[in-house]
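Here the chain labels run A, B, C and D in written order, and each chain numbers its own residues starting at 1.
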Amino acid sequence: MINKIAHSAGEAVAEIFDGATILISGFGEAGSPIELIHALVDQGTGNLTIVSNNAGSGHVGLAALIENRQVKKIICSFPRTAISVVFPEMYRKGEIELELVPQGTLAERIRAAGAGIPAFYTPTSVNTTLAKGKETKVFNGKTYVLEHALSADFSLVKCHAADKYGNLTYNKTARNFGPVMCMAAKTTIVQAKKILELGQIDPECVITPGIFVKKVVEISDPADESLLVAENRRYPWI
Amino acid sequence: MDLRENIGWPVSEMARKVAMDINDGAYVNLGIGIPEMVAGYIPEGREVIYHTENGLLGMGKVAEKGTEDFELVNAGKKYVTAIPGAAFFHHADSFAMIRGGHIDICVLGAYQVSQEGDLANWSTGDPNDVPAVGGAMDLVAGVKTIYVITQHSTKSGESKIVKECTYPLTGKKVVSRIYTNLAVIDVTENGLYVRELAPDLTFEYLQKHTDAALSQYNAK
Amino acid sequence: MINKIAHSAGEAVAEIFDGATILISGFGEAGSPIELIHALVDQGTGNLTIVSNNAGSGHVGLAALIENRQVKKIICSFPRTAISVVFPEMYRKGEIELELVPQGTLAERIRAAGAGIPAFYTPTSVNTTLAKGKETKVFNGKTYVLEHALSADFSLVKCHAADKYGNLTYNKTARNFGPVMCMAAKTTIVQAKKILELGQIDPECVITPGIFVKKVVEISDPADESLLVAENRRYPWI
Amino acid sequence: MDLRENIGWPVSEMARKVAMDINDGAYVNLGIGIPEMVAGYIPEGREVIYHTENGLLGMGKVAEKGTEDFELVNAGKKYVTAIPGAAFFHHADSFAMIRGGHIDICVLGAYQVSQEGDLANWSTGDPNDVPAVGGAMDLVAGVKTIYVITQHSTKSGESKIVKECTYPLTGKKVVSRIYTNLAVIDVTENGLYVRELAPDLTFEYLQKHTDAALSQYNAK
């Protein structure tokens, strides 16, 4: 019988292996699965390639994972923010790789991976340094660049409500990359603010159908990253 | 000689054999017609979630008379129901599930299956037929495992399991296993292997009524 | 101020011109905007290219539009059904063109048009007659075929609820091609079973955001195509 | 000489001028920083719907102190609100709106704009800077009309309106109009045309402080 509920964040991330590529949802704090990331810090899994829109803030969440030297490469659109300190420092020292991808291309490459589309053409980045070395093609007199699907071994996603089939809803702009990331990984691991009974999520309002989800763990009171950053907290907590 | 239905397993038994090979927790798409029967034979204790490509995951049974909803149909345009825990989505998302390799098993009918696992099930090539493909090519290109359920031979007695398909292909090297009234046959890298024979049939009889070459797993 | 509500189906389709390409939602009866199609029959606009999953049933809806000789070409995945009589007859006589597209490729080509993707690669139809003459490319040892975006001048879509911004929800499997078709046309015209006040549709459950919609007309009691077909009704009603 | 803010229009007036050029019913995306000010100057009677690329159409005002929702932010990660009639969606759908040409107007800041309408606004090319592009390249590639709002010159007095961008490009031939503290300038097929001059400025003064060649609409 189908029951995708895991009992702890640690149990949920247990099968993540060294060298894995991991999609991590979130746009800044909104939608970032901070408890799953911290479980991955606890686990110490290394040599990871992380795909996420940003590169973490302060010394918690994704920034803590990077600071703990578990990440060899980041694929993202905007690694620089006012409160991002860990990534910029390591990047300048050459201690972490960066693949910079325009935000819409990042989202579409992830969706493509989930949808079985190996590559697509886009107008974004044409005539810029980010298109350097990429194939181009003209359609109707306009030039487009070929972009490839971006798949992963795992995705770590934060949602609002889930059920045991893995159906998900999200909260406001915390939805962002969650739905496409759920589609694009071999194994999708989700933290939900609440787990509901089957049928309690209106089938018209399911945003991620359960077929894309392998494990769900309830984290009913997730940490607010911005508060932790404001308090200059560090993970592991000291 | 008509091999349909009077020799070997009845269709219900063929459907039951397919059902036995669907594991607990599988996401399954059943083609229109005979494949739909498979849902009735899933063993107790196994939970299977049905996908219908017109936008529903968690399809339930056919709607009872009087409760039909014109806006809740399956791919065959039959009125169906949705189970608790179902989800509706649009066509691009539905085929993302198919093309993206998220559906575990698809069960389809066939005009012909070749010894390489090529499938022909969408067109007889007859120029008088209006061509219609639906989702068949997407399903065989994207679903992880394709099972075919079919009578072993056509009404006129020709083998449907052939060296090479003469009908237009739906996909090349896509079928994993074939369930007919005479046998269950695996498509492997080394050709077709008979997994199970219908009662009272000999391998020689099966081979005689099959265009493609068959092998036996336990042959010395 | 923004108000996309039209007062009649006739007013909603008035700007559709001869020779237009039109996306029409629906999977069989479910989601087919029958009143908008009938308004187009009334209007007599001709030489149309229609993109729709099927080719109509009986002598109403899309079948009536075809029978009225307004359609020169159909792009669809499954023009043949048990109760489809008009299209097959005209097709056999060579009186209407057909471009046959696998269903998932049809949906993805329409979505691509809406998403600004001019072309994409797909595994569907490789090694079949439907890929004949199309560009192919190998990714990771597997062959894919290049498919192009399918855009249109108009789309006619049926939805469940709408508001004056053009936000839409759908009903069950009547959703099908509606959301991608809304994205892919220059002008999207929608018939809704009910029009609600702004804010009455939960922003988490909006399926088509209003940006994709130009006109909405309330058809509170749409005809049931299958009943009309069973009664052998014809449009225009006689 | 520092041309910033002490000559010509204040930023608020620049924002008001952009706002005046946004038509009723427009779908608008405002870049982070100065462009966000434009929303405050839309004339009464016009209804504009704001898109923020992180998944919201119908963004409202910035959230009042004490009512912030950590999961309701704009592209600049500011806490915002949603209007009645808003819709949330995921990132691929959000950038489908952008790339697919559904957004009418995007207002962005700039490091440089060329006389051909090339825009540089994402990187100074300084190898010490961590590169970050966000949605800028998608916006200029997909939105129907791109307006730039910027000081006419850099802090060190160099013109931002140039013959050719020396900073890395965000997009080529993408800008339609430039709003600076000194002038409103149209980017046309025939080069840059001054649409409006700040009070008490001469065309000659403007040209002197502009690297690119300017034209006047009413020149004989």
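Keep in mind that, in the parts below, a residue touches a chain if its C-beta (ideal position, glycine included) is under 8 Å from a C-beta of that chain, and two chains touch if they have at least 3 such contacts.
Small disclaimer: the values here were computed from a predicted structure and weren't measured.
Chains that touch both chain B and chain D are the following: A, C. The minimum number of touch steps linking chain A to chain C comes to 1.
Counting C-beta pairs in contact across A-B and across B-C gives the higher total for B-C.
Distance between chain centres (mean CA atoms), chain C to chain D: 37 Å. Per-chain Cα centroids separate chain A from chain D by 29 Å. Among all residues of chain C, those that touch two or more other chains are 108, 111, 115-117, 122-123, 170-172, 203-204, 207. Residue positions 82, 88-89, 92, 95, 98-99, 141-142 of chain D each touch two or more of the other chains.
Each chain pair that touches appears in this list: A-B, A-C, A-D, B-C, C-D.
Across the complex, chain C is touched by residues 52-56, 69-74, 77, 82, 88-92, 94-95, 98-99, 128-138, 141-142, 168-172 of chain B.
Here chain D touches chain C in the complex through residues 24-25, 27, 45-47, 49, 51, 57-58, 82, 84-89, 92-93, 95-103, 141-142, going by the rule given at the top.
Chain C meets chain D in the complex at residues 1-2, 111, 113-117, 163-165, 167, 183, 197-199, 201, 203-204, 206, 209-212. Partner chain B is touched in their complex by these residues of chain C: 27-31, 53, 77-81, 87-88, 91-92, 98, 100-108, 110-111, 122-130, 170-180, 207, 224-226. Residues of chain C touching chain A in their complex: 108, 112, 115-123, 137, 139-140, 142, 144, 148, 169-172, 202-205, 207.
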